[in-house]
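You will see two complexes here that share chain A, one where it goes with chain B and one where it goes with chain C.
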Partner chain A sequence: MELTLEQIIVPSEDIVARLIEDDLIIVPLVAGIGDADDELYTLNETGKAIWSLLDGEKTLGSIAEELSREFNAAPGEIEQDLLGLAGELLLRNIVVAR
Partner chain B sequence: MRQLTTIDIKDFPLWEKMKEHRRLFSFDLEITARCNNHCHHCYINLPSGDREARAKELTAQEINDIADQSVALGAVWVLISGGEPLLRDDFEEIYLLLKRKGLLVSVYTNATLIRDEHIALFKKYPPLNIEVTIYGVTKETYERVSGRPGSYDAFMRGLNLLLEGGIKVRLKAMALRSNFHELPAMAAFGRYYTKDYFRFDFQLHFRFDRNEARNLDIKSERLTPDEIVALERGDDERFPVLVEGCNELINEEFSHVGCDHLFHCGLGNGGFNVSYDGKFRLCHSLWAAGTIYDLRQGTVREAWEKFVPKVRDMRSRRAEYLEKCRRCSIVNLCLWCPAHSDLETGELDSPIEYFCQVAHARSAAIQEADAARQEQA
Partner chain C sequence: MSYVQRLEPHEFTLGGGKKLLLGQIDIELTERCNNNCVHCCINLPEHDPDALKREMSTDVVKKILTDAANLACMTVRFTGGEPLLRPDLAELYLFARRLGMMVVLFTNGRLITRELAELLAKYPPGRVVEISVYGMSAESYDRVAGHAGAFVEFRRGIELLLEYKIPFIVKAPKLQFLNDEHEQFEAWAATIPAMDNIPGYSINFDLRSRRDNLAKNTHIITLRATPEKTVALLSRNPGYLSDMGQFCAKFMRPAGDRLFSCGAGHGTCIDAYGQAQVCLPLRHKHYSVDLQEVSLKRTLEEMFPAMCEMKVTNPDYLRRCAVCFLHGLCEQCPAKSWAEYGTLDTPVEYLCEVAHAQARFLGLLNEHERAWEVGDAKERVAAFVAQHWPDGQTAEG
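Right, the complex of A and B next:
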């Protein structure tokens, strides 16, 4: 499924996200999240900033706006990055779209 | 730039951080000391119907609290062991509550109580691994060790369920006097199913409850140093690794001349162990007075931050220890450690003849093979 900027994504109930000493670690709870069952995921700094904004209310578009203000970057660039990450998270069932 | 990265547990970012400072990575929960088997060599098992032992077990709620506190300190991985953990009626509840905290969960089991419900649970909520011990590959041998008629069939049935269910199983075997004649067949069995992991354990330590009659049983199951060396030499996968690592294993720099610290292992560095009745220990073998913290009376944080450093700072004044084990260059090949010393002698710092003989025999075999290897090269 292609995501659009109007959509809202939220962390899936099938994962547990943990902040361990500044690292955001995503631990699959159920089978079928990663390619192997013992795979974990981590997000880089931008990914972490995005993750912290997934509050179930903000659309991807408003998250992009917020981030472009925060990082002083062109909205177009942020939108592309954001949709890329959101798509990958969705594909792996780490988030669900509303 | 990649924002989402897959990480293998081996490359966990915390490993690097652990080198910088002592931090919590994992903890072991012995959720029961009871077992349905009666293994002759076992350091922990109490009868499955032992009411007193059962009454003392941590409840699922208490385990939940301990897990919450451990997760808050950054724990990533938990091992559920026992006794036989599947004996507990609330095993599933405990397993799931640990998974739901974002912990990677491993389970040690004898596999005899595995049922379809467990397979469904592990399929939906995968464990990091289920580690099963092989005690024999024939009914006669298995049950000579386990002391329970019917246990071999139950083991085979449980193991098959796990394997057929595609659950991540690791097999290991305990090398004992009672199954010595069957070890090659056990190794072949283990390697057939879990090739990359299978290993033998052969060094037995004494009971946590200091039961003297049971300690004699354990002693009677120990292999001689020569048998252990022969076993190790015959291991085409592990022995070359030992020989390869000879210089790190046997190294004067590992001796700690002039230092009177008791513990020179990684004890309390990245993990701890909780007994069935809530006793926090720095290692599963450590039961000495002054090294146990009761979690029913305190918190994991206090145990981890205040109690662990105190234990790690314990010293010895025994000349025999300071002259011998404390400066021993082959200590890395030896099962001797303060915890095992205490279980065997009641003192944390008494050398133990049997462990010493085994370590020297192993060291001689490894050095001999290393010399032969160098000559060939």
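Right, the complex of A and C next:
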């Protein structure tokens, strides 16, 4: 599924996200999230910043704007990161698109 | 560029490798068991009224799980007794999973129902289920378990796990009268998808950890493998010598005079009544904390470190164990001493003999030598490591 900046993505109910120390750990709750049932995931710094803004109300576009302001970065660059992460999370069923 | 990194549980480190206060928590959900195994060190009858009255409520277990998760705990091990005797097992399991914890389930498998198998299939534990096996026939299994019909129920549980593709491994007690079945057991174990090695055996059976049944202790002693048989069993693994080379490089050094020279107190085990213990088999009131009175965090940060600073006072231990270089091989610890003698620092003669037999087999000791009297222990260990694990380095002694 191709994501656009107009879409909203939210963490799936089939995972549990845990902030441990400074690491965001994603624990699959149901079968079929990863290749094996004992896999865990973590996000890099960019991923963590984006994840914290997935509140179910903001579109990917508005998240890109917010991050662009916060990090004083070019919107195009942020959008690329955002769509890259969102696509990867969607592929792994860690988020769902609305 | 990938934004998501996949972590295998065994490579799971946090905060740049910073050690967590609580990586895993063991919760003994009950001491009751539907088996009455001949060698068991803890079981109470299935319907024991006193245990039923005193066991933690569902809410208490949930509170402990929540507190553990808040301390970044990633794994809970539900054990017993037989944890599936608790009617709230499925509820507690799902609660732990929804906290983002992985669950290790220790069970004899007899009470696995289709509903539980469906739950485990839908919400995988993230760790293999561990099944204790007490025989390969109804006659032998029921004899060990002390319960007619137990084998049939065990087999039904196994079939459900296989049907729902729940990863599980099997392990067994090494009982003399099951010797004829071990080949059959290992051949069967090799067909289990998650088994990637020969099954683990319990060999040197512990005595009753609550010191509650001295008659049973007498019987357990008769079931233990002799030191020579223990060595024979351990050494049949083809990788045994290289494994021991690596092991010796890391762990062979004297225990010193600290009472807890093991990993006790780093993490915790909760008994069926809500007492946090420094280790699961050590049922000593001075080394456990009531979690109704003290928080889990304070227990781990303040109470356990203070307990683990305790020193040995027994002169015999100080003369022998404290300076013995077989410390790594020997299972001597306060829990074993407590179960055997009701003290925390009395050398357990059986464990000492097993460690000496193993050291003789490895060429670390000569016949009739006592390890605590050996003057060139470091050199002997270094030579053994150099021969069997050439890439390793001898641990600093």
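The working rule: the second predicted complex is superposed on the first by the 98 of 98 C-alpha atoms of A that agree within 3 Å, B and C clash if a C-alpha of one lies under 4 Å from a C-alpha of the other, contacts with A are read in each partner's own complex, and residues count from 1 in each chain.
Everything that follows uses one rule, which is that a residue touches a chain if its C-beta (ideal position, glycine included) is under 8 Å from a C-beta of that chain, and two chains touch if they have at least 3 such contacts.
As the structure is a prediction and not an experimental result, all values here were calculated from the model.
S.K.: Where does A:G76 make contact in the superposed view: on chain B (first), on chain C (second), on both, or on neither?
M.R.: In the superposition, A:G76 touches no partner, neither chain B nor chain C.
S.K.: Of the partners chain B and chain C, which touch A:R18 in the superposed model: first, second, both, neither?
M.R.: Both partners.
S.K.: Just chain B (first), just chain C (second), both, or neither: which does A:L89 touch?
M.R.: Once the two structures are laid over each other on A, A:L89 reaches both partners.
S.K.: What residues on chain A does chain C touch that chain B touches too?
M.R.: Touching chain B and chain C on chain A: residues 16-18, 20-21, 23, 25, 27-31, 34, 37-44, 46-47, 81, 84-85, 88-89, 94.
S.K.: Which part of chain A faces chain B closely enough to touch in the complex?
M.R.: 16-18, 20-21, 23, 25, 27-31, 34-35, 37-44, 46-47, 50, 81, 84-85, 88-89, 94
S.K.: Which positions of chain A touch chain C when the two form their complex?
M.R.: 16-18, 20-23, 25-31, 34, 37-44, 46-47, 81, 84-85, 88-89, 92, 94
S.K.: Hey, which residues of chain C end up touching chain A in the complex?
M.R.: Those in contact with chain A are residues 1-9, 12, 14-15, 18, 20, 69, 72, 74, 97-102, 121-127, 167.
S.K.: Please name which positions on chain B make contact with chain A in the complex.
M.R.: Residues 1-9, 12-14, 17, 23, 71, 74, 76, 99-104, 123-126, 128-129, 168 of chain B touch chain A in their complex.
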